[in-house]
Structures are given as structure tokens and as C-alpha cells.
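The structures come next, written out as C-alpha cells.
Shared chain: chain A. Partners: chain B in the first complex, chain C in the second.
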Partner chain A sequence: MPDILLEVKDLHVNFFLTEGTVKAVNGVSFKIERGKTLGIVGESGCGKSVMARAILNMVRPPGRIVSGEINYYSQPDSPPINIASLNRNSAQVRRIRWGEIAMIFQEPMTSLSPVHTISNQMIEPIQLHLNLSKQAAKNHAVELLARVGLPNPEQLLTRYRHELSGGMRQRVMIAMALSCNPKLLIADEPTTAVDVTTQAQILNLMRGLQDEFGMAIMFITHALGVIAEIADDVVVMYLGEEVEVADVDTIFHDPSHPYTQALLRSIPRPDMKLKRLETIKGNVPDPMHLPQGCKYHPRCRYYIPTRCANPPFERVSSEHRARCARIHDIKEQLSEPTS
Partner chain B sequence: MVKFIIRRLVTAAVTIWAISVVSFVIIQLPPGDFLTSYEANLRQMGENVPEEQLEAMRERYGLGEPIVTQYYKWVKAILLHGDFGRSMESGVPVSVLLWDRLPLTVLVGLSSILFVWVVAIPIGVYSATHQYSLMDHVFTFLGFLGLAIPNFLLALVLMWVAWSEFGQSVGGLYSPEYKAAPWSMAKFLDLLSHLWIPMVIVGTSWTAGLIRTMRANMLDELNQPYVETGRAKGLREWRVVWKYPVRVALNPFISTVGYALPQIVGGVVITAVVLNLPTLGPLLVRALLAQDMFMAGAIVMILSVLTVIGTLISDILLAILDPRIRLE
Partner chain C sequence: MTNDTLLHVNNLKKHFPIYKRGIFTQQVDRYVKAVDGVSFTIARGEVLGLVGESGCGKTTTGRTVLGAEKPTDGEVIFQDPQLGAVDLAQLNRETMRKYIWHNIQLIFQDPYSSLNPRMTLEQIIAEPIRNYKLLERGAIRDRVAELLRLVGLRPEYMSRYPHAFSGGQRQRVGIARALAVNPQLLICDEPVSALDVSIQAQVLNLLQDLQEQFQLAYLFISHDLSVVRHLCDRVAVMYVGKIVEIADTEDLFNNIQHPYTEALLSSAPTPDPRARRKQVPLIGEVPDPSNPPSGCYFHPRCLYAKERCVVETPPLREVQPGHWSACHFAEELDLG
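Our next item is the complex of A and B:
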């Protein structure tokens, strides 16, 4: 029996705008195991960030969680708390935020306040969730900053965000996120806004911290390449739906969904230097006017009108599912030698 | 920080000097020297001016000497003795008239700013956090109403309300029995009971604008990721809002402290006349009408200096509150 930490069941999040309803998250289900890393991948605009916020019940009007469950198992044998059913401003949700599930964002520049010191911002959740004195909280902050590899932590505490580099800011955010020993760290594109070297360092750091702190990570990215370095399991999202769910090896070596395959072909690889990178043809459709039937069909090379009207979320093997009506034909087609 | 403050102080000193030159030019503008008009004024009222006194004044202001010497003597008298010369209209020293009115002007100004902030900031924050809600629309409507009603009309209405509903003596800042009385707790309370009318009137026209500004600033800040971070930390919603985006959205407000005072003095002259307020505004109008140049020059000078000091204060406040400013 896998030890489940978080179980999302058929989650729907809509934005009710005057121009229409945006179904940003449209029936997503997945599980995160305690201490493991789940990668969420998909092109920009497919609902990854909205889903991350929904897990902390932080979706704000005009958006709302319309249905589904977010079951959080604080201890292996404790009854679950359904975060989706709690009031957005309730004390129960606020205790879970940062204390149990912490989050870091894509923009390390703007996710820190421009007018408060690092110290002020770091001490705040420590005092709130761990009930430490100001001095004890400060000492804890210093330890964490040193742990994420930042030199002169005492001095760093007196700094403001504009005095730090992009990599330093993201390290500060990571230190801050780990300050209350969360059981789950949601990282929403934490390496998108930093350069490649910094990206590698931050991924390294996160892996090291996971070994040490033992938290599970939900790692969100639009770049499948990054997933290979950190995830155990992967959810591939397209237009608010999950299109493929599998462990990381399967996703990279035996993907079933045409969208996953296309994403794989668009990863830059050193052994393919001379070939031109493929990009997925077409654009992500307007979220207000989703395609009928299979949402990926306007961009899919295997599309057959009648067959693809209502693709099932089909089980490929025990822990591998894909939302495609033609999984088996595609397998055969791919195994045939092509000229 | 110290370097920053010193630099600002130097800039302020230079600005004040430039203002003094302009004020002096204003005094010099009318044809002839002012003693001739002073003398003419007094003659007209049938008074005789002793020749010695005229001579003393001529010496005192350096009349007939080069303009630079005149300027020097004028500034020296102000700096060393607080002597701004005499009002030509009344013959009273300008400084006496100024000291009579300056504190009340500042009082009305500051209390109006306070009123505006206390009203505009919470409403702006509420409107932004409840965008397009019923109350947001109501506040917007009331704000524009406040903007559209002329001040003097509002002044008349409020005076009537104060008189008919509260039986208050209207006009001025004191009831008649306290006008000449020495300062006491009772006089102070009487002052406060009169202060609210100009405070509300001056405030109303301003508040609408500031609510819009605050609302817009807040809407910009509310969607910033650092607000999300605060929320994700598990803080209460009001704490998230007031600690983070409000703090940032307030910065532009602080820079308005500087020009609030002259704006109030200049902007509400009519109100002040209607309300018979003993502030500088009506005095300036009368001085200009009567071509009382010492008086006018001195008021322009004082108001400008107040502006410079206000700006200095808001610059320093801003630098303390917003760490990004210290960079430059």
C-alpha cells in the first residue's frame, strides 16, 4: 500500500468572467506519496498554477473550486482533511498553509515584498506556525539560510529583495518555505525565471533538501526536461485536464499520449545537436472556447473525427493512464519501421 | 541615509533662496517704491506722516540703494528679527498678521489631510478588495458627487446644518465668546467643534480623487506574487492586505504631504471667505486686491517655504518607508 499524503479527486476550478466561464482545472485526479516528488508538466495556460493554488484553497473570485476533493493525510493513519470543502479563510486552512503545505512561486523577484526585510518576511510564518519567540525564530531563519547555501545569513536578514540576485531570492524563498517543516512543498515553476546554471543548482538543492527534510514535492514546470531530473511520478496536463499519468521512466521511454510524445520531441538534447527541434504545431486554444471531444485533437497528427469524440482516460498498465482513444493504434504505428 | 538627508537639505535651502528672490521681485513689481505708496495711503486716510519716520524706514529698507542691497536688507530683517516689513494697508507689521493666522492655516491644512487619509485610505482599500461590488459602486458614486459639488455650496449647507441642528455660531473657527479669550481647554474644544466644517469641506473634494488613486494603486498591488506569498503563509486575509499591498500602495500618498498645504490654502480661498476662516488664504486675496505688496510677498514666501519643508518631510519619510528609494 503506498503511503498517500495528498489525493486530488476530480478537481474542477472555474473562473466566472463576464465574457464566459474559463474551466481552468477540469477534472484532475492524482496522488502524491509521502516524501516523493510529483512532476506536473504542461504548456503555459493549461491550469498548473490554478491547480497549485486550489490545493491551498487560495483561488479567489472570480475563480472558485466548483467540485472535487483535495484529501490531505497529515499522518499516515490519520483521517483525511478535505481542503476543498473548507472555508477559504478558515483557521483550519490557514494552519495547513505553510505549516503543512508550503509553496514557492515562479517569480522570485516579486514573490518577496519590496518594502520588508528578509528577516521580517522569514520570521513571520515561523512565529505564526511554530510559536517561537522572535529571537528563536531569527536563529531558525539563520540556520535555514545557511542550509540553502547563502553566505552571511545574519547580514542577509537585514536585506531587501532588490539587493539580492535572482538565484539568491529563490534560495531565500526555498528557505522560507521549509521553515515550518512542511510535509509538502509546491514549487510552481521555481526555475523558470533563473538562468541555466542557477537552475541546475536549485534543482540540486531541492533534491538535497528533500533527502534531509523528507517532504514531498509537487514540482510544476512547462519544461519536460526538468521533470527528468527531479520527479518520481508525472502528470501531463493539457487545457485543464490530465492527459497522461505515469512514473517518470514510462513518460520518457514509453509515452502513450500524442501530446506527451510531442513534448518529448521538443526537448533540446545534446545527442540531437544537428536536428532541428520540433515544436508542437498550432497554438493552445482559447480557454473560453475549448475544442469539442478530445481537447488536443486540433493539434494531433493521429486525429480521426469519429474515433476521437470522447477519449477515455484509459489504463495502459497498472499505474499508467492516458486520455486517448487511439493508444493502441498509435503504438502499432510507431513500432512499424518508417522511412 | 544621512548623506541622502543632507543632500535633500541642501536642495531645500537652495530652493528657499530662489523663492525669496521671486518673492522680493513681487514686492518690487509695482511702480515706484512702496514708501511712496505707503505715504500716499496714509495721506489718503488723512493722516500725517512724520518725515523722520519715513527717513528711518527708507534707511531700514535701503531704498534708493542698489536692488541687491535692498534684497540683502529685506532678507536680513526676516532672518534675524522675523521682520517681514509692514503691511501697507493696515500699517501693522506683516509678521504680526502672519503669526496670527499661520498656526490656524497649518491646523486646518493638517486636519484636512488627516480627514482625507482616514476616509480615503480605508475606502480605497475596501473598493479594491471588493472590486465591482455594490459598495464599490456606491463609494465611487459618492466620491464623484463630492467632487462635483462646489466647495462654497457645501460650506453654506454645512454652516446651515451646524447652525440649525447644533445651534452653533457659524463662520470663523471660534465662538464669539472665545475669540479674544486666552488659550484654555474650553477654547480648544470650541476650536475643534468649529474645525470639522472646513475639514469636511476641504476634505470632500480631495477624498474622491484619493479614493480613486488608492483603489488603482491597490488593484496593481493586490495581484502581485508577494501578496500570494503572504496568503500562502497562512496569515489572516486582512493582515495580508494591510501588511503587504496597502503598505506599498501608500507610498505615492506620502509624497502628497508636501504640496497639500499650499493646495489647501490656494484651493479653498472661496470656502475660507465664505466660512470667514482666519487663515492665510483670505489674507492673501485681500493683500493682492489692495496691492499690499509686503503682505503678499511674505505670504507667498511663507507658503512656498512650507511647501519645500513639506516636500522635504515626505521625501525623508518615503526614504524611510521605501527601501528602494535609498538606492539612487
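Our next item is the complex of A and C:
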């Protein structure tokens, strides 16, 4: 029996705009195991960031969690807390947010305050959440900054964000996120705004910290290469729905959903020298006017009008599911030798 | 310079002054050496990739080649069909505008800010044609329609404004505008970085098709190594304003001759969980280009640095036929 830390069940998040309702997250379910890394991958507009915010109950109006459960198991045998059912400003949510579940964002430039020193931003939350004296909180902050590989942490505390490089800012964010020893770290595109060399440093750092602190990570990205490097399990999202859920090896070597397959074939890969990349036709549709039936059907090469009206979330194996009515025929087609 | 060479950049430098301001005076304090002695050639119909981390000077190189920045020093010799071989570094903007810029065009990274929101697609694409008086008034519309079809857009779209289009479609419009004047060289500055994964492939395929169809030469600037490997014939790796390695693409990826290239390639994630390996990430940060380290600029981060690297700047030299590296120990090191 896997040790579940967080279980999301049939989560719906809608944005109520004057032009209409946008179903940003539309019935997503998944589980995160304690100490494991779940990768969430999808293109822009698939709802992955909104979902991350929903888990912390941070969706602001006009957005709202409409239905679904977010069950958080603080201890292996404790009863779950349904984060979705709590008031988003309640003391209980605020304790979980940052204290038990921490989050780092894509753009470290905007998530640090421009008018406060690093020390001002770091020490106060540590004092509040861990109930430490100012001096003890400062020592803790110095320790954390050193742990994420920043040189001269004491001096760094007196700096402002504009004095730091992108990689340093992201490390500061990680140190802040770790300050209360979270059980789950949600990382929303943490390496998108940095260079590949810095990205490799940050991924290495996150892996090392995970080994050390045993936290679970929910890693959100659009980069398949990063998912392959860091995730244990993967959720592929498209237009607010999860289209495929499996372990990382299955996603990359035996994907069942046409969208996952197409995504993997559309990136240039050093291990397969292709003359041309395969493309997914068309564009991601406008979220106001979602396609009927299978959301992916206008772009799908296997679409059959009669069969794809209402695709079930089919179980391929015990831990592998895909939202496609034709997974079995597609498997057969693919296994036939192509002429 | 052989007949086939379209562009020959020789020891190109672009230094930006940093001023120390007094109340009445301003003095140059020091220089940001954004591009510091870069040399390369691009043959007709060749795709040269330029890779490196942010701040290494790849965009400034592209802009200086184009003449958008006046080079501090060096030559940019372009084989112009009308003028013959000319050094663009010596030309003034007037001459550049008159003779050169319809042969060298630029594709930008951000398709949202590079198109004027108040112009229709027809106006956007026709503007360079009108400026160069390439066609009669009546023929322009047909040419715009042809260009739109060429980049995979419907000609009916020509009366619409850019806001009606997605990022990938806008990037196609930018490509159509660049092609409108029949250029020979396209400088593509991160043309797919702002696009979604599934759209990237469409634009890359389009660039590849156009290159083959019109025998275009590209200077393809990117930080994405897998994209560069897919598209380019040759690749140049830049670090703090200098080229550290340049070679044919497969040769560069399989037969690395510079420690920085090794570090850069090993940092790039592989889209295969079975290929996960313990990386040796690069320590430290890119140096400040206004105050670079002594000797080899890479030595503070290099795993193989020796004393010589601290004092002596390595020149870019041909270590194997067609394979250039700026490392003192290129022959001795066995790089992955």
C-alpha cells in the first residue's frame, strides 16, 4: 500500500469571467506519495499552474474551486484534511501553506520583494511558523542559504533581490520554501527562466534536498526533458484535464495517449536523428470554447467521430491510465510494421 | 574568402561603455565586452547555430552583424549581389538601409512584441516590399497572399490584426515579413523559445523547409541545444563574448574539444528517463563581462584548469580539420 501524502479527487476550478466561464481545471485526480516526485507536464493554458494554486487553496476570485477534494495526510495514519473545503483565509490553511506545503514559482524576480532585504523576507516567516526568536531564526536562515549552495550567506541576507542573479534568486526561493521543513514542495516551472547550466544545478540541488529532507515534490513544467530527469510519476495535462497518468518510464517509452505520443515525437531528440519533427496540427483551442467530447479530438490523428464522443479514463494497467477511447486500437496500429 | 562564403565575420568586437557620472562630467568607467573578438563564416545556404548561456553575447553578435549596433572593431564582410564583397562595419546606416538590409533579415524571439498591433497582416508584410519598391502597387497584394501561403497561413487572414493570432501563427507572420524582400541571410534570434512544445515543431519544420526551398543561410541563435542540433549544419559555442568552440554539428556533439561545451552539453536534460545520469554540473556563475577573469575566461569554473589557463588567454585554433577550439589542452583532454 503506497504511503499517500496528498490525494486530489475530481478537482474542478472555474474562473467566472464576464465573457463566460473558463473551466481551468476540469476533473483532475491524482495522488502524490510521501517522498516521491510527481511531474505535471502540459502546454500553456492546460491548467497546471491553477491546479498548483488550488492545492494551497490560493485561487483568487474570479476563480474558485467548484468541487472536488484535496485530501492532505499530514501523518501516514492521520485522518485527511480536505484543503478544498477550508476557508482560504482560515488559520488552518495558513498553517499548512508554507508550513507543510511550500511553493516556488517560475519567476523568482517577481516572487521576491524589491524593497525588502532577503533577511527581512526570510526571517519573519521562519519566526512565525517555527516560533523561534529573531536570532535563532536568523541562524536557521543562514544555515538554509548555505545548504542551497549560496556563498557568504550572512552577507547575502543584507542584499536586495536586484543584486542577485536569476540562479541565486531561485536558490533563495528554494531556501525560503524549505525553511519550515515542508512535507510537500510544489515547484511551478522553477527552471524555465534560467539557463541550462543553472537548471542542472537546481535540479541536482532539489534531488539532493529531497534525499536529505524526505519531502515530496510536485514538479510542474512544460519541458519533457526536465520531467525525464526528475519525476517518478507523471501526469500529462491538456485543457484542464489529465490525459495520461503513469510512471515516468511508461510515459516516455510506452505512452498510450495520442497527445503524449505526439508531444514526445515533436521534440528534437539526440537519440533519434529525425529529418523532420512530427507536428501536432492546429493550436491549443481557446479555453472559452472548448471542443465537445474528447478535448484533444480536433488535433488527434486517430479521431473517429462515432467513438471519441466521450472518452473514458481507461486503465491500461494498475498504475497507468489514459483518457482515450481508442488506446487498444492505437496500440495495435503502432505495433504493425509500417511500410 | 571563397566564392561560396556569404558572410565572413572577422575579430568582431562590440564594447558597451559604462559611465561614471559626475555632476557636470561623464567619464567612461569601464566597458562591457559583450562581443570580444568573434570570427566565423557562413556559406550560402548554410545554417550556423550560435549557442551559449544568457549574457554570453549571442544576441549582440547577431545585432552587430546586422548593423543594428555599430561594431567597436572588426570586419563583417558580406557578399552582396549588387555591391560584391563589402565590409558592413564600414558602411553608414543610409547605405545599409539602401543596399544591405533586404539581404539580411531578422526573426525575433517574442512574436507578441515584434508585430505592430495597429497594422493588419497585409500592412506588416507589405511594408518591407514598399520600402524597397520591389513591386508595383497592384502586385503587392498577390505577393502578400503568396507569402502567407508559404508560411502556412490562409491568405484570407491578411486583413486581420495580430491580436487575432496565436504565438505560433504570429511567428509565421514574422517569418513571412522577413522573407518578403528575398533575403539571403536570416538572423533567427531564439525564434522558437517563446512557443509551446507542440508549436515549436511546426515553426522549426517551416524554417527547415524554407531554408531548403530558397537556399537561405541562417544564423540561428538559441540556448536550446537539442533544437540547434536538429537544425544546424555547424555550431559555434559562445562564452563571455568569445567563441570557444566551432565545428560541424555532429562533430561538435560527439567529439567535444572544449571543457565548456562538455559542461553545457551535460547540463541539457535528455528526454529519456533511462538515460538519467549523475551530472557534473557547472559550479559558479557566468562572469561579469565588464570584469572578466584573467587568462581563459572559463578557468574559474573549469574542471581541468591548470596554471597556464590563469595567465594565458587561449586563442581559437584549428585542433582538428574544420574543428576549432579555444582551449590550451584540447588535444590532451578526453572530453565526454
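Heads up, the rule we're going with is that the second predicted complex is superposed on the first by the 332 of 339 C-alpha atoms of A that agree within 3 Å, B and C clash if a C-alpha of one lies under 4 Å from a C-alpha of the other, contacts with A are read in each partner's own complex, and residues count from 1 in each chain.
Convention: a contact is a pair of C-beta atoms (placed from the backbone, for glycine too) under 8 Å apart; a residue touches a chain by one contact, two chains touch by 3 or more.
Source: prediction; values computed, not measured.
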Combined model on chain A: chain C and chain B, fit or clash: fit
Winner by number of chain A residues touched, once chain B and chain C are compared: C
Contacts of A:H222 with chain B and chain C, given as first, second, both or neither: second
Which superposed partner A:D195 touches (first chain B, second chain C, both, neither): second
Touched partner set for A:R321, first chain B, second chain C, both or neither: neither
Touched partner set for A:H129, first chain B, second chain C, both or neither: first
After fitting on chain A: smallest Cα gap, chain B-chain C, Å: 7
Touch list for chain A against partner chain B, complex: 53, 56, 58, 89, 93-99, 102-103, 105-107, 110-117, 121, 124-125, 128-129, 160, 162, 173
Contact footprint of chain A on chain C as seen in their complex: 53-54, 166, 168-169, 196-202, 204-205, 208, 223, 225-227, 229-231, 253, 263-264, 266-276, 279, 281-283, 285-286
Complex interface listing, chain B residues touching chain A: 224-226, 228-237, 243-244, 247-248, 251, 321-324, 327
Contact set on chain A toward chain C in their complex: 43-44, 165-168, 195-201, 203-204, 222-226, 228-229, 231, 248-249, 252-253, 262-264, 266-271, 274, 276-280, 283-284
